[in-house]
Amino acid sequence: MIRIASALSALSLSLLCVTAPAAAEVDGESQYIFNSLLFLIGGFLVMWMAAGFCMLEAGLVRTKNVADICLKNILLYSVACLTFYLIGYNLMYTGVDGWIGTLGLWGADDTGAAAGDFGGGYAAGSDFFFQMVFVATTASIVSGTVAERIKLFPFLIFTALLASFIYPVQGAWKWGGGWLDAAGFQDFAGSTLVHSVGGWAALTGAIILGPRKGRYGRDGGVRHMPGSNLPLATLGTFILWMGWFGFNGASQLALGSALDAVTVSNIFVNTNMAAAAGTITAAALTRLRFGKVDLTMALNGALAGLVSITAGPDTPSIGMALGIGAVGAALVVYAVPFLDKLKIDDVVGAISVHLIAGIWGTLAVPLTNSDASFATQLLGIGAIGAFVILGSTLFWLALKASIGIRLHEEDEVNGADLAELGLEAYPEFGRGSQRFG
Amino acid sequence: MIRIASALSALSLSLLCVTAPAAAEVDGESQYIFNSLLFLIGGFLVMWMAAGFCMLEAGLVRTKNVADICLKNILLYSVACLTFYLIGYNLMYTGVDGWIGTLGLWGADDTGAAAGDFGGGYAAGSDFFFQMVFVATTASIVSGTVAERIKLFPFLIFTALLASFIYPVQGAWKWGGGWLDAAGFQDFAGSTLVHSVGGWAALTGAIILGPRKGRYGRDGGVRHMPGSNLPLATLGTFILWMGWFGFNGASQLALGSALDAVTVSNIFVNTNMAAAAGTITAAALTRLRFGKVDLTMALNGALAGLVSITAGPDTPSIGMALGIGAVGAALVVYAVPFLDKLKIDDVVGAISVHLIAGIWGTLAVPLTNSDASFATQLLGIGAIGAFVILGSTLFWLALKASIGIRLHEEDEVNGADLAELGLEAYPEFGRGSQRFG
Amino acid sequence: MIRIASALSALSLSLLCVTAPAAAEVDGESQYIFNSLLFLIGGFLVMWMAAGFCMLEAGLVRTKNVADICLKNILLYSVACLTFYLIGYNLMYTGVDGWIGTLGLWGADDTGAAAGDFGGGYAAGSDFFFQMVFVATTASIVSGTVAERIKLFPFLIFTALLASFIYPVQGAWKWGGGWLDAAGFQDFAGSTLVHSVGGWAALTGAIILGPRKGRYGRDGGVRHMPGSNLPLATLGTFILWMGWFGFNGASQLALGSALDAVTVSNIFVNTNMAAAAGTITAAALTRLRFGKVDLTMALNGALAGLVSITAGPDTPSIGMALGIGAVGAALVVYAVPFLDKLKIDDVVGAISVHLIAGIWGTLAVPLTNSDASFATQLLGIGAIGAFVILGSTLFWLALKASIGIRLHEEDEVNGADLAELGLEAYPEFGRGSQRFG
């Protein structure tokens, strides 16, 4: 309608004066292409985040578990994609009746475009691709927390259950147009729907699995088990930062108008600023608290900034984005040692980064978005939290009771690489592993 | 024609009722920009695959050859780009008379666009850029197989011959519009034209060069020579996976219509699914066969899935894409030890991944694409295989007879890094290299 | 105007014959989206260059300083983004009166697009995002040169001063539309404005800071201090190469017409070719001079090619682009040992790569661009050089006199990782660090 009106006005304009072409509007097919392209670019950037999580985790575990965590990461991505196709997508997005969608394989329906009707807005496959890589992100969060002591096979089964059931069901509530969406809950790109969900699943896993052997002394002391390759962990953080532009930017779900371009651009800026503020905040706080600047905490600060802004990257001013990222990072600096006090062993700090900062980011939305209210945000956080805690606890316990989830003690000492893969990640490098057992 | 008709119908529509703007179609200049943009995005993603091959290979060779393989990878990319510009492009794409194009430097011709005629469809440079990074991929395949014992200089000469002659000539037969294209051979993004070609060149090289010293015992045993840095190899695989979206997606060669967007999106999905199936299949098969899950085989499984789907990523359903990828990976799990039985020493498994899975992928096209037939696919595989075997054998033998292709025995023992570069890749890390000599 | 004329001619055409739809032109809103999209894609690619610098530098410093350089890189990116938002952007681009812009936070103004007027050309945030990641590049150049002996905190203060004052002021002279722009100085994507600026700041830093302990013997000998992880350095180079397509390509600042697409495509090709020529040239020269091929020099050759083409990637033929890149790399091969003769200690070779090749690239512009003259290019190089030398010398000296810029001798010996971060980058690998102290 708008387009035709504009075509007519352009014609009348052309009779009066030959000017103002800049006001001509984008046609329906171009909109369709722009929207699809946004999904595809966003999609390959989010897919790339799988490599980011893998490098981050490979850098933060000890040498003897590096190959195992690499294998887990590439397998979890594969399993998450497969099961989301088999069950997850339709459960989340198709025919949602308030609580849940339908059962069945996803299949593309592009009959509209084939008939020259571009009202569908984008290629079905581009949307599916983008949503599929999102669920892989959720699964990636868990692997870092439970690293160095979980067995490969039960971990992959949990991943399948997360990607095909837990994630899609709660996703249907909001992004599938279910009851939480109707209630007004706001979560633009998933501080809660992706990051807190991964965080809750990681938390229940960490508790049920127990800490790594030797991590917590009887005297309450925490034995430091340093990451084996910090440049890899840094690379992973940069990869995640880069991928997040796709994660948040393409969650606008449209690039078919100038206003979409404006919003996506603002999202890029705010995403970058929240991460920058998180990095600086975490570095400064560790310097103040410990006298040294902790690199791994700075990396987690960057990620906390990114998680925090994800619930609402479109509405804040830059100043607010900086504040939201900084607070998220500050929470993480305190949450990491606090979890250790509770003897909850999170190898890479994923619970602090994705759950704590995810909750904060979701609560911060009403500060800049008048469509959101604290009460509704709390409702969404609580409902999704309760569901994921319940679901993942049941699944973890069922796996523990059936096939077992934890490496044998001797295998944990020797490392998952030898136990599960029969190889070493760095077979030629120094045998310093004895130092950090 | 379509466009004008639609403009007219839009106008008539506007007289009847002011609706249905979503059917307005994309204009010629926007098509031109969309098409060019697809090439550019696809191009930088495929260029990025050069880094993927480099990391994969750097992770899978022993420490003493890591710097050498890094140097080979950045140089082969440079040499391939240079020679494809000097000779390759026009030999492959310009004035192909059935068998071969013309001799001469490539040069951009954008006079059409300059005159306001967008019928050319895309900027000449965007197409050239995309095709140029493709040839670098072909060259990258070879370096992994012949690593750890080939000399740098003859390897680079072979790369130049591959990029300026072998690849473009067979490429002209299909993508240049030559006789194989006329015969109906189908190879969407190059399971045969890129991956098998690299694989054949690697195979002839491995045979003529011979295995690494000590690799095969007189008793038929195979001495394991483990990769020195598995997270790097994993990173390389993720990079390749990411880059493959550009490799296959932009091989649609157009994004100027909604249907192009649909096809490119389906290609992204199928590419991802074949890789996921390949990863899972290889992991499962190694678990079943050896009791352990082999990380390097899982990585090669992902790559095999990608190679397999490359001949026809646009036509399969997701289920078929999963199957194509899974079969490709299964073939690789069996091909790798089989090549060792033949005492063909392939350091990274590139022959299995790119040649075997490439053949399989090409043969699988008729399963989902009615324009293809098994007979024609076999014809293409056979003709290109014969040509590349012949050409690369001749080139390898000529290099062997003239300047020699193999490191001196002492240099091989001490490592190519010291012999050819005079340095070490990791000068400060443990001297564990004695373990795997 | 063009658009309407074309619409009319399309209509008249349609009365005469139903053909030639390919000549229809892109509408104003699509232009707006294309332009913004170019900035966003270019922006995330340039952001990714921060990871490239980080990996390059992490690979080229010794083990004991690896975590420190990672921390510096992620922090400098964050600080540069923050300060460019707070002060830099408006100083460089807003209300420039010939010499300098205004003071104040950057804020998006998209009222035009909101009112349906797309004359602004692109989303304000997309431009800001792209310019912001550019300043981070400038700051990244410095960190490599002064690595292994500078303290973290003064380095970050210098970064803030560079991003908020030095870079924006000289940037205002050209890209902000100031006096150098009026004088006809040409610097398309910043061989001078970005790379030489970073290079000058690095040079003054290296001189004022002094060389690493033990680097230069009393007898004039240079003690080799080899990089600890060459595959990481190679990865960093590939990342930079990839990111440079965004750096140079999106500096066209527009993708809203077919001719923009042509120019951006040619820029991609020339950028790639200059880098390829640089790699080959540096490898060949080191082979001729030293009998071995130096990997780190080949990497720096690639980067020198990229820096050299940056001042004018749009106008050269491919042959000229190859020549420009080759000369840049050759200069670096000679500049690196020359700086050592002057006892200027540049850990990664950044002064040679970014300053020397940056000057060369700026001087090469008149060879292919008739809008440029050698005199004006020299004026720009000289004026910006003088300003940056003056400004950065003052800032370095002020930091030295106040809080000090150099690590304590003992801390330098033990490594910045232990001194400033209290951890090790590779805690489990061999303690070979004694070898290279």
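Worth pointing out:
Think of it as A, B and C in the order they're written, each chain with its own count starting at 1.
Going forward, a residue touches a chain if its C-beta (ideal position, glycine included) is under 8 Å from a C-beta of that chain, and two chains touch if they have at least 3 such contacts.
What you are looking at is a predicted structure, and each value in this text was computed from that prediction instead of being measured.
Taken as a contact graph, with one node per protein chain and an edge wherever two chains touch, the assembly is complete, since every chain touches every other chain.
Counting the residue numbers that touch the partner chain, subunit A and subunit C have less than half of them in common. Centre-to-centre separation between subunit A and subunit C, using Cα means, comes to 31 Å.
Contact of a single residue of subunit C with at least two other chains is seen at positions 27, 30, 37, 41, 229, 235, 426, 429-430, 432. Residue ranges of subunit B in contact with subunit C, taken from their complex: 1-5, 7-8, 27-33, 36-37, 39-41, 43-44, 47-48, 50-51, 54-55, 58-59, 66-67, 70-71, 73-75, 77-79, 81-82, 85, 105-108, 110, 113-114, 116-119, 122-126, 128-129, 132, 152, 229, 232, 235, 420-432. Of all the residues in subunit A, the ones that touch subunit C in their complex are 10-11, 13-14, 18-27, 30, 34, 37, 41, 45, 62-63, 226-231, 234-235, 237-239, 241-242, 245-246, 249, 255-262, 264-266, 268-269, 272-273, 275-277, 279-280, 283, 290-295, 298-299, 302, 317-319, 322, 426, 429-430, 432-433, 435-436.
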